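Both complexes shown next keep subunit A, but they swap its partner, so subunit B is in the first and subunit C is in the second.
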Partner chain A sequence: MNLALRLGAVLFLLAVWQVVAWLKIWPPVFVPEPVAVWDQLLRTSTEGYSGYTLAGHLLASLRRIVLGCLYGIGGGIVLGLLIGVVPVLRTLLNPLVTFVRTLPPLAYLSLLVIWFGIGEEPKVWLLLLAALPPVAVATADAVRGVHDDYLNAARSLGARPWEIPYRVVLPSALPEIVTGVRVAVGVAYTTVVAAETVNGVPGIGGMVRDAQRYNQTDVVVLGIIVIGLSGLLIDYLLQTLDRRLVPWRGRHI
Partner chain B sequence: MPSPDPRADQTPGSAVVEATEPGPAAAPASGPATGLAAIELRGVTRVYRDRPALGPIDLVIPAGEFLTVVGPSGCGKSTLLSLVAGFAPPTAGTVLADGAPVSGPGPSRGVVFQQPRLFPWLSVSGNIAFGLRRSPKAARKERVAELLAMTGLEGAARLKPYELSGGMRQRAAIARALAPRPKVLLMDEPFGALDAFTRERMQEEIRELWRDTGVTVLFITHDVTEATTLGTRVIALAGPPGRITLDARVGGDLREKVETAIRDAASARAGAAG
Partner chain C sequence: MKRVIAALLLLATACSAPADEPAGTALRIGYQLIPNGDLIVKDQKWLEQALPDTEITWSKFDSGGDVNTAMIAGAIDIGLAGSSPVTRGLSAPLSIPYRVPWIFDVIGDNEALVAKKEITSVAGLAGKTIATPFASTAHYSLLAILAEAGVTDAKVIDLQPPDIQAAWVRGDIDAAYVWTPVLAELEKDGAVLATSRELAGKGKLTADLAVVRDEFADKHPEILQEWLRQQDRAVKLTRTDPAAAAAAIGRQLNLDPAEAGRQLGQLVLLDAAEQRSPDYLGTAEAPGKLAENLRSAAEFLVGQKQLDAVPELTVFQKGLLPNALP
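Moving on, here comes the complex of A and B:
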């Protein structure tokens, strides 16, 4: 039932799109026909675009996202744990993390290009910097929110001070950390297109940018749809991970 | 309600009420010599955020006793427990466990909180085994099985805390606290969040556990009936700052005495405030 409703909505949108294209209110360079986009899907998948197939572009972008997120999430958890546990570091690092978090990634892309050139490094760094703050903030908040009873229970059961962070604090904070990870991956996903505005081929953002230069609107629209759909898939995977990692989320204990 | 069920060396129903008169400096309980005390508090006070929360308290808890501490909310009962547990240091005075000063929490004093506070990422077995990490694997497994049997949780070993009922959770929390064989079990209103039926059953079970294990119990409650039916000795606390207004062995008209002591303290406070 739900699936039918969603499928119906998609079909309806496609129909509206087709009708608008047929009416020729705007030239095809503004509103390409769905069929043209479908043709581009087939062509870019087989012949490729800008020297790479659609899958090649997508894989290059996904690789950047995965690398940037892995570094960003790892760094964010460590940083968040430090901020949450050590008061001095909280005072020192909290404003910095908040500062970076409020910056739009494009603002520091130029700096990263100056530092790291136009290869893979600045792109992965950009995604790292985009993914790190949400995880760090979520971890820091969660770590500070762990109820004293849990820490006291662990100490009464003979846990040593250095065991507490990884045996009790991190697992207690896991629900919030996983939420932070979902936000981080989302941010990284929206940032990858920006990262690929400089020498972004292969990459789905680079493909869209090349197509824009040559007014190939059907390729641009195809790129947008592929980005959206793969984003949905990744979020679905993250939701599954969430259920696996924190089955106790939302349950009163 | 379970009837008071004192150990063999205490004559049942002998109505031994050795209630000390309420006074500013409550006399130490007439317990055995200090050498046998599981817990001893000497002139202990606790000031929290510039406000006196507890004391001065002098108290000797002989090994093997089931001591209940009863008093209204905010009178300092939980403060007393956290000092004995080592969660907070006393502002003045000394807390001794087995004759040695308490400097922090440790496995010789197991704690059961009002909320079970089980680790939700561990199974029931995993929670019970938390305090046994430094034991050899075989011994650990054996001890976990023993505690599961003792608390009637054999069938729940692999379940996660959120899959248990309230009573089962609290049983698992008790099993977890008993796992490292503590000399003293500290319980902070452990049955306060349970429904009436479960609470009654748990009260019977904790008496059985106490009898079977020989552990010394310090049990905090605001329920006078619970205090007088469970304990072999009852302390009434009034405050803040929490002071001992009654220290009595169970038997006879103890319940009335406890109620009177609490009422008197409350009206004295109201009079002082008005």
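Moving on, here comes the complex of A and C:
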């Protein structure tokens, strides 16, 4: 039932798109026909675009996202734990994390280009900076929110001091951290197009930008669909991971 | 991102009102910050004085690609675009209904190929990394000169001028084909291997062209003619009173007059009589050589997979509009 409903919605959207393209309210440069986009899918998958196939572009972007997220999430959890546990660091670092979080990535991309050049480094750095704050904030909040009863119970049951963070604090904070990770990956995904505005080929964002430059709207639409679908897939994987990693989410022991 | 937003805004204007039918007579001009006669006309408000009953709006554009988008949307009547974007615009699938009534300037020493000092010839660029803003006239010139020198394995990457400067300073690139003011910065510790002026001499001409929407040219020939008269007047001013011309351009570009005059001198400006010659626009009966230049640019774009097929020469000959020249 659910599946049929979703499939129906997609088909309905496609139909609306086709009708709008047929009516030619706007020139085809603005609204390419679905068939033209499909043709571009076949062409970019076999012949390639800007010297790389569609899969090549997507893999290059995914590699940047995975690297940026791994560094960002790792750094974010460490930073979040420090902020959550050490009050002095909370006062020191909290404003900084908030500052970085509110900056739009395009604003500091030029700076990263000057510092790290035009290769992979500035792109991975940009994604790192995008992914880190959500994780840090979620982790810090989660750590501070651990119920005192849990800590006291663990202590009275004979837990050693060094066991508390690992055995009690982390498991109880994990659901929120995982939510932070999901947000972070989403932010990194939306940032990848910005990251690829400077020497972004190969890369799905670089491909879209190139096509936009040459008014090849069918390739632009194709790129946007590919970005959207791969984003959905990644979020689905993260949800699955969430269920595996924190089966105790929403249950109080 | 900025471009995408600009395109969306244009789309919005295109659907909110039938943009090609402004109330009363209006002339909507798309200009770019290039030190040629257009900025003199704008600075001196010559059009506003000559056409008091016409509502004139000036919108700034950053690239010919954006001008093409605005033309498709019918959001501007006359625009400035480089010869590469105009080639794309006249060719299928875009086939924008516009024509070239005027050449703002032929690109001269203001676009050039600069390389690190240890590279002394174009052939020495084999295997090196060269940056240029893609889809621009500089991109076309770079590919033309690499093909001429038989360099096939250079790594050509897409960077905007400010990023080219950063990459150059860091040593990420070995050479760049770019325009002023970044070109001047690169020249300080690099060597110029070729300029667009030299390429123009070899038949690979690049230029900044005016494009006028067909519908506007047919409906308001008198406005177009007045516009051309003022452009011609600006070119003549650069010859009779270069200081005044440089001062006007300097005001528009926020440059001091000396620097504006230097940049103006790097371009080749042509008055109406020169544009009518067979080398450029020609006449309605005998279209000029500019059509051949545009077609040879199309051949390059096909090689770049940015066009599917090279259009017939007649497509570009019909794309010229020489009979409106004063």
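We take it that the second predicted complex is superposed on the first by the 250 of 253 C-alpha atoms of A that agree within 3 Å, B and C clash if a C-alpha of one lies under 4 Å from a C-alpha of the other, contacts with A are read in each partner's own complex, and residues count from 1 in each chain.
Here is the rule we go by: contacts are C-beta pairs under 8 Å (C-beta built on N, C-alpha and C of every residue); 3 or more make two chains touch, one makes a residue touch a chain.
Because the structure is a prediction, the values reported are computed rather than measured.
K.L.:
Aligned on subunit A, subunit B and subunit C: do they clash or fit?
P.N.:
fit
K.L.:
I'd like to know which partner A:Ser156 touches here: subunit B for first, subunit C for second, both or neither.
P.N.:
Touch status of A:Ser156: first partner only.
K.L.:
Could you tell me if A:Leu11 is touching subunit B, subunit C, both of them or neither one (first, second, both, neither)?
P.N.:
After superposing on A, A:Leu11 lies clear of both subunit B and subunit C.
K.L.:
Once chain A of both complexes is superposed, is A:Trp26 in touch with subunit B (first), subunit C (second), both, or neither?
P.N.:
Only subunit C; A:Trp26 stays clear of subunit B.
K.L.:
What is the contact status of A:Val35 with respect to subunit B (first) and subunit C (second): first, second, both, or neither?
P.N.:
Neither partner.
K.L.:
With the two structures laid over each other on chain A, which partner does A:Ile118 touch: subunit B (first), subunit C (second), both, or neither?
P.N.:
It touches subunit C, and subunit B stays clear.
K.L.:
I want to verify one number. Taking the Cα centroids, what angle sits at subunit A between subunit B and subunit C, in steps of 10 degrees?
P.N.:
160
K.L.:
Between subunit B (first) and subunit C (second), which, if any, makes contact with A:Leu174: first, second, both or neither?
P.N.:
So A:Leu174 only meets subunit B here.
K.L.:
Of the two partners subunit B and subunit C, indicate the one touching more residues belonging to subunit A.
P.N.:
Subunit A has more residues touched by C than by the other partner.
K.L.:
Once you lay one complex on the other using chain A, what is the shortest C-alpha distance from subunit B to subunit C, in Å?
P.N.:
Here the least C-alpha separation of subunit B and subunit C stands at 44 Å.
K.L.:
Do subunit B and subunit C touch any of the same residues on subunit A, and if so, which?
P.N.:
Touching subunit B in the first complex and subunit C in the second, no residue of subunit A appears in both lists.
K.L.:
Give the list of subunit B residues in touch with subunit A in this complex.
P.N.:
So the residues of subunit B touching subunit A come out as 82, 85-87, 104-107, 109-111, 113, 115-121, 130-131, 133-134, 160-162, 169, 176-177, 179-180.
K.L.:
Can you tell me which positions in subunit A touch subunit B when the two form their complex?
P.N.:
Spelled out, the residues of subunit A in touch with subunit B are 147-150, 152-159, 168, 171-172, 174, 247-248, 251-253.
K.L.:
Could you pull out which subunit A residues touch subunit C in their complex?
P.N.:
25-30, 47, 49, 106, 110, 113-114, 117-119, 193-194, 197-199, 201, 206, 210, 212-216
K.L.:
Mind listing the subunit C positions that touch subunit A in their complex?
P.N.:
It is residues 1, 3-4, 7, 11, 14-15, 63, 65, 68-69, 72-73, 88, 93-94, 131, 134-135, 157-160, 162-163, 166-167, 170, 172-173, 305-306 of subunit C that touch subunit A.
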